[in-house]
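For clarity, chains are labelled A, B and C in written order, and residue numbers in each chain start from 1.
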Amino acid sequence: MIPAVRFGAAVGCRAAGRGKRCPVKRTVREVAAAIGAEVAGDGELELHAVAAPERAGPHDLIYLDSAKHAQRAQQSAARCVIAPAGIAMPGKTVLRAANAKLAFSRAAALLIERAPVAREIHPTAIIAPLAKVMPGAAIGPYAVIGEDAHIGEDTQIGAHCVIGAGCWIGQDCRLHPRVTLYNSVRIGNRVEIHAGAVLGADGFGYAFGDAAGDSYEKGRYTKFPQLGILEIGDDVEIGANTTIDRGSLDDTRIAEGVKLDNLVHVGHNVQIGAHTVIAAQTGISGSCTLGHHVILGGQAGLGEHCTIEDSAIAGGQSGILNGKTIRAGQTVWGTPARELDKFKVMFAWQARLPELLPRLEQRLKKLEEGAGE
Amino acid sequence: MIPAVRFGAAVGCRAAGRGKRCPVKRTVREVAAAIGAEVAGDGELELHAVAAPERAGPHDLIYLDSAKHAQRAQQSAARCVIAPAGIAMPGKTVLRAANAKLAFSRAAALLIERAPVAREIHPTAIIAPLAKVMPGAAIGPYAVIGEDAHIGEDTQIGAHCVIGAGCWIGQDCRLHPRVTLYNSVRIGNRVEIHAGAVLGADGFGYAFGDAAGDSYEKGRYTKFPQLGILEIGDDVEIGANTTIDRGSLDDTRIAEGVKLDNLVHVGHNVQIGAHTVIAAQTGISGSCTLGHHVILGGQAGLGEHCTIEDSAIAGGQSGILNGKTIRAGQTVWGTPARELDKFKVMFAWQARLPELLPRLEQRLKKLEEGAGE
Amino acid sequence: MIPAVRFGAAVGCRAAGRGKRCPVKRTVREVAAAIGAEVAGDGELELHAVAAPERAGPHDLIYLDSAKHAQRAQQSAARCVIAPAGIAMPGKTVLRAANAKLAFSRAAALLIERAPVAREIHPTAIIAPLAKVMPGAAIGPYAVIGEDAHIGEDTQIGAHCVIGAGCWIGQDCRLHPRVTLYNSVRIGNRVEIHAGAVLGADGFGYAFGDAAGDSYEKGRYTKFPQLGILEIGDDVEIGANTTIDRGSLDDTRIAEGVKLDNLVHVGHNVQIGAHTVIAAQTGISGSCTLGHHVILGGQAGLGEHCTIEDSAIAGGQSGILNGKTIRAGQTVWGTPARELDKFKVMFAWQARLPELLPRLEQRLKKLEEGAGE
């Protein structure tokens, strides 16, 4: 675990205004201790930032995942590299970590102070009289905080966010500019929400019919009540312009650690289990249930009332029909989605059709001619 | 029809700030009269809200659609249930309605006052001198209303909305926070638009070529004029972060009663007929024409100049090619989309290929060997 | 090339507030000179605007692309028409241009003054002390400009835009309302960005694992640093609610003349070459490289690390797998995408399966029966 470290740089570091995040100088030894890596080399070397090998300066930390990238790392100007055991980096200080990418990500969190989304309670922020803003929270220009809303300790609300009445936002959250929460959305701790996301809008539910006997040609849609709430667990990240609807008569719930990319759609009453990851532009219809550690590729689509069990994977652009279940650990692809290996075999046969079928016909014809003799 | 009822609860009901909509107490008899249902049981029972059976208290109204859910309803704490004829609910007051879901939706509109999107003309709203705001309209904090815009009676414009010059918005509309209307968009009555929707942006139209003779490798795109307007009919609902472009030389038109889900894209010059429903993330390219009562599933895609006739249905992720017509009442699926039954049959044969083709070959081989003897 | 022309109409033209763009009167001769067309007819005729043939008045300019539309043009009230050589338009003044649509688009840019996105530096705009706003730039109500940002000459920033610290925006850009730029985004000249677009948000990158040895069932996702920037070239247009992520350790780059439609997603580290066009709702995963003059249809999806070479085309809803390359000039379609002609042949065989396979089986059976005799 990453120990709780107080960042040294003052809020307001000018570098953040010039396209650079605020660097926080640390020694290799300090970083190693924080991320639980062993040091081989100069533990007193100062680290200022992280970088890709080709862009790194002497005080930037780099990493490599596999021997394949050893040359890139070796040729880098960086003097310190995170690498798995067994990869030699002559002349460089090495931090040994089995999962080098993870160690690098943790080190980056220590070395790079993220630019604040808000630095203070801006005088133009409109905070309803009964809203509660906890100590350390910051609210950007023109943000609007509704009645009875709760903004947790050290949470940053960006410019132009609109937080509906009765919302509850935990500690250490980052809401980037222009996030909108409808009423009564509940957000955990350390949640990051990117610009333009809309949380808690009405689900897409209607009753169809009319007083004159439900003739389809004359019928119209009447809004079904959308009274449920939306709950978001701890450590969730939500991409830009993503939309998550509130429940209709039940609630919509996103468990801890879930990561949603940009432009994702989550319908009403959906339940998403912990540490599930959903790539960009995927759409999840109402009342779907996803387990934990599920992975959905980009532009996948789930019909209503689907069940995706724990650790299942759906490839990009997969289409899962209404009411279907994807079993735990299964990987599926295609529309309608089926087990990946079966899809591949089926697809391989499809691809052979233009060559195979004429040949089959020819052979048949020859036999028929033979039989006719 | 739902009679025009004045809600009893005052604007500003505190409950709205605690995750609950404002309840409006009514008797079963009053609700029955309003929705045209027959009462079997205690007509004087007070109803405070609507709920799912499992969440309902004694004064919540519930409904069931079919005998399948009779036990859920029977076990609910609710004392009043809407049900179709023929389903017994011993011990409960029953409102009889052929279309129970529709009746329930209408009852909900009576029992639950929706939280207002705006309550007043907020002092920070910027309203151009020649804009016209009708009596009863409310405009939220930091909204910007352009020159010559018209905001109809009792319409609510949420915080941070930007209404372009020359827009016309009818009565009783609800624009949630951060809706953007470009210039000259025309909106009917009782239209609800969810947060982040962008209406009337320029369509995606360019002329390609260059002065030196249109060599493709050197050519560039020049913006084609996007001068048309966008018209939205009465009773339309538009989802969060949906985008509807204005016309180029013609207009884009969405007829009455149309429902668009979140993240839908509607291109320039598109015409959508009345009571058509379009699920999330569907994209409609320029100059398509959709009839009335069309249904498009989620993530469907229509090429340019498609025609979808009245009451046609396209399944989720369907892809309809440029210029194609889907006939009235037809149901299609797949990419390229074709008649659903044909798709299913074709798909079933595809799925059999890995088992069928090797067997066919084997049989052929055997015959050939026999013939060769 | 279009000569630099100063528009005659004053900023603030009232017509813009009534659903009409400001017209700028010019003679046919002036327009012809500007767009490089030859005049046949009355060069002194005044042109006030452009229109579709059916909507045009006598002083509107119309165009036609091919003889197919000659009757529409002929019957129009317009007195002046742009047409390619060889199409007679008796009684009308004709501007001859090989590429009539392009000539019309250029003429429209002369005749129609686009409504300004902002007209002044609005007193409610919050501009950080060290931001630099160049002469002629306009900033709309409630826009927020971060520290050290640069807003170029004659650039218009719409209401509610949020421009992050350290951003650089060139000259003559138009940012429509509610565009959000995260820190350090760099934008060229004459770039147009539509409402709700989010530029420079964090990419979707995580390291997976946990301290206890990366057991999948217990693992969690840790944010991978997203420190790169986003660069947008000259003459780019970006659609409403589109999202373009910043780089992680590298940068995201969109070259000059690129056109992105609405609701497009561009992941981190993506490189897009000049004059590439991407239709609505297409998603481009991280680290893809697109050449120049590429065309991607709507709802196409690219996996990570794809390469789309110059002038390649991917049809609507195409799915290109991780790491794949589409060769220069190739046209692909389908998921997984393959060469268009191959796709069509394969698809034609698939469509024949329900008729073909039973017949093949029958013929086989007959032969087998014959062989068994």
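Assume a residue touches a chain if its C-beta (ideal position, glycine included) is under 8 Å from a C-beta of that chain, and two chains touch if they have at least 3 such contacts.
Keep in mind that this is a model prediction, so the values were computed, not measured.
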Looking only at residue numbers at the chain B/chain C interface, is the share used by both copies over half or under half? Answer same or different.
different
When chain A is superposed on chain C by its C-alpha atoms, the rotation angle in degrees, nearest 5:
120
Using the average of all C-alpha atoms in each chain as its centre, how far is it in Å between chain B and chain C?
26
Counting only residues that touch at least 2 other chains, which ones in chain A make the list?
142, 160, 178, 196, 241, 263, 281, 299, 317, 350, 353, 360, 364, 367, 371
Taking the complex as given, what residues does chain C use to touch chain B?
1, 14, 16-21, 36, 49-52, 55, 98-99, 101-102, 104-106, 108-109, 112, 115, 124, 140-142, 158-160, 176-178, 192, 194-196, 235, 237, 239-241, 257, 259, 261-263, 275, 277, 279-281, 292-293, 298-299, 310-311, 316-317, 334, 347, 350-351, 353-354, 357, 360-361, 364, 367-368, 371
Residues on chain B engaged by chain C in the complex (per definition of touch)
126, 130, 142, 144, 146-148, 160, 162, 164-166, 178, 180, 182-184, 196, 198, 201-202, 204, 206-209, 211, 213-214, 216-217, 219-225, 227, 229, 241, 243, 245, 249-250, 263, 265, 267, 281, 283, 285, 299, 301, 303, 317, 319, 335-336, 338, 342, 345-346, 349-350, 352-353, 356, 360, 363-364, 367, 370-371
